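This report concerns only the one structure given below.
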Amino acid sequence: MDYAIVQTLNGLGLGIILAVIAVGLTLVFSILKVVNFAHGELYMVGGYFAYYTITLLGLSPFPALVVAIAASFLLGAVLERSLLSPLYSDATERKAEYGILITFGLAVALRNLALILFGPFPLRPPSFVIGVQKWGPFTIANDRIVAGGAGIVLLAALVYFVQRTTWGQALDAVSQSRESAAIVGINPRRVYTLGFGLGAALAGGAGALIAPIFSLSPSMGILRDTQAFVIVILGGMGSVPGSIIAGILIGLAESLFTAYFPDPTRALSYSNAFSVLVLIVILILRPTGILGRRHVQME
Amino acid sequence: MRHLHVYAVVLLVAFALVYARVVNAYWIHVAIVSMIYGILAASWALLAGYVGQFSFAHMAFASLGGYTSALLVQWYSVAVPLGMAAGLVLSALFGSLIGWVCLRMRGPYLAIFTLAFSEIVRIVLLSEHQVTSGPAGLRVAPLLQTPSRVPYYYVALGLLALCLTVMGLVVHSRWGLFFRAVREDEEAAGASGVNVVRAKILAFAVASGFAGLAGAFYAHYIGILTPELGSSDQMGLVVAMAVIGGLERLPAAVGGAIGVETLQEVLRSYGPWRFVLFGALLLLTMRFFRNGLLAPAWQRLLEARPVGSVLTSSREVRKGHRA
Amino acid sequence: MNQDEALVRAVRLCKRFGGITAVDAFDFSVRQGELVALIGPNGSGKTTLVNMLTGHLNPESGEIFLRGRRVNGLPSFEFAALGVGRTFQMSQPFRRLSVLENMLVPGLTRPRSTREATAACARVHLKFLGLAHLETLAARNLSGGQQKLLELGRALMLEPLIVFLDEPFAGVHPTLRSEIIERILELNASGRTFVVVDHDMEAIQRLAGRLVVMARGRLIADGPPDRVREDQAVLAAYAGV
């Protein structure tokens, strides 16, 4: 029983982080109308940003987290400007294809760049808060609590940003109608850059938060990418609340699955396969997701 | 020079036939691997460039073809060519199934679904190591009992020719036109009477079948098979080859594969930086040369007409073929 | 109307999207050789109806008969094979294919068609539509009106029993508009059946022998133009929007 509770709490923490990643993905989709196949790689790079900020610049983990988030935002903005601008030009045809190919290419490029720069071996940055919490029979790593808490903070900050600030409302406006937003005087180009940057920042932040728990490797983005897709489709493309709920569910599912799968050597691999299977089943049954906003065609 | 492209092809074929006799074993190996990738890139181009189905399950089918053939040979002592044929058939069948399942999925969803499917295949192959030897690699019986690579070279050449012939026939038939109509506008294609269902499933079947064949030949040539064949990185490599060569012209895709693979070998001394180069090349090509780098050259070859003849009409045809 | 004579017959067609009923218990028949205009305020469900009658949407309930044969649930390409042609509200030519290739696509779906015969037939239609000189041009380089004519040509290549034209005059230059009207009248005179959906009342006036009015998914009026114009329900529907 205690084991189950601990695993559930771990699952919750993981779920919040997954929700952060997924919200970033769904944000990019709803504003730029593009599915970012490199989202997992932005998550991975964020983790490495934090790691090297700590080891090379000597910052402690919390400031490094902030640096990682800021650096991820900047990276996202740069990538958006250089690679994604054809998506907004009327001269580009078959925008959906372009989005798929260029973000997929970006994912592969980033993974290989990371492989070269950071090496293939897993790296683990120092903990945010060393140690564990013991409540009677339960033991939970501090880092997991930090991750969960920071994740909630990030999500809350995002929601506040979108609902209360001018820029945030501009984001919302553009996600609903690019033309109307332009008429009202919002510059869509800047909003796209902001949107993609925010998505990257969320992914990078998640990467930095999860790194002390699961450690870093160049291919860590692949799994989270797939999970992010599951979550976003489960919760509905473009729906932030949907992603949060679905994220927590998937986090719980992964933790409990890994904990209770009969064959421990296969547990982790098949728990990955499990999310993938869920995704496949959903796509077959309801290709537009469950809670989604109306799926907008891209051309 | 009226049929410039015919002369070019004849020259190329002559070169290809002589090639194995004049270079050393290492460069023969490079050529063989290039041709395997050529089949993979061209078949993916058929699916993506002609019908617009951007499936990321392609290398999973190559993988399935490889393992099917290898295991059939290992367990039932099936003759290798028969095993390879089985690999082709199984991949074609599975490909059709995936095509059918994805019928109603639009672009990004199809991509996500096939990526997910590919991951599952890879995970299962990795985990069931009693059967597949997992990451350590499955030992695969060789296709030919010969120490020399030269016969493999000619088999590869033959398979590539077979692939291009079959796909070329499809592409030049009315189905080629139907494929392109589906990619341009699926709804309008249906309204025009194109059996969109049949078109998609046919494309998946042919493309996946050849992927499986390529995977099987690869396995029986190299002698060892790992689930890495179906990884995202391999898929990315094939995508890069097809895009850099040209998604919409099969020979261009093959050219892209040969070019990228050769470049890879030439730059081997630079280590893993090559892959970053290809990633960058892919991004640059997508961003600035959406038709691919080789396709326009091939197009010029096709259009080359005697001077004085209607240059304006060739410009108009070009308007029709540019992306 | 004798039900056996009907080319296309729709019985109590219904379509709902989420909470909105787009088409509500709609009965509709078209006889061979008619030129019917389908009009109604924006959002009245006209395009949804056309989409159902051409196989692009499945009705929630109700039935569709083509020459007496029940066809609801069939995919759009089956409808096309059975002789139902259509054009789209926003032109959807095969953009990167040439004008001739656009015509070849439907032509080659016909059984026992050959490339030569189909190309020859296509050229005849293109000449009729005034597009022959643009044969090698990529469809995306055509003007809006030319694209509409091309779509009509594509529909004709199916040797259709009936052609549904969805807003063929929208955004078209006035000269080309007259062209399109003339072509439709000529084709109808030689026996082709048309259902035209549009807002352009001037064009509708010149074309239609029969007017069907739709509002909020329902059939409001159906008859010759003079009678329908006086119909109270029709006036109310337009005034109310």
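Observations
The chains carry the letters A, B and C, assigned in the order they are written, with residues numbered from 1 in each.
In the analysis below, contacts are C-beta pairs under 8 Å (C-beta built on N, C-alpha and C of every residue); 3 or more make two chains touch, one makes a residue touch a chain.
As the structure is a prediction and not an experimental result, all values here were calculated from the model.
Centroid distances built from C-alpha atoms place C farthest away from subunit A. Innermost chain of the displayed assembly, by C-alpha centre distance to the whole-protein C-alpha centre, is B. Taking the mean of the C-alpha atoms as each chain's centre, subunit A and subunit C sit 47 Å apart.
As a whole-number value, the distance joining the C-alpha centres of subunit B and subunit C reads 41 Å.
With centres set at the average Cα position, the gap from subunit A to subunit B is 32 Å. Multi-chain contact residues, meaning those touching two or more other chains, occur in subunit B at positions 323. Residues of subunit C in contact with at least two other chains: 95-96. Across the assembly, subunit A contributes 93 as residues in contact with two or more other chains. On the subunit B side of its complex with subunit A, the touching residues are 52, 54, 56, 101, 104-109, 111-113, 115-117, 119-120, 123-124, 126-127, 232-233, 236-237, 239-240, 243, 271-273, 275-276, 279-280, 282-283, 286-287, 290, 323. Those residues of subunit C whose C-beta lies close enough to touch subunit B in the complex are 54-56, 75-77, 80-81, 85-86, 88, 92-98, 101, 104-106, 108-110, 115, 136-138, 141, 154-155, 157-158.
Remark: subunit A residues 34-35, 37, 82-83, 86, 93-94, 96-102, 104-113, 115-116, 222, 226, 229-230, 233, 266, 269-270, 272-273, 276-277, 279-280, 283-284, 287, 297-298 touch subunit B in the complex. Within the complex formed with subunit C, the residues of subunit B that make contact are 174, 177-178, 180-181, 184-185, 187-197, 313, 316-317, 319-321, 323.
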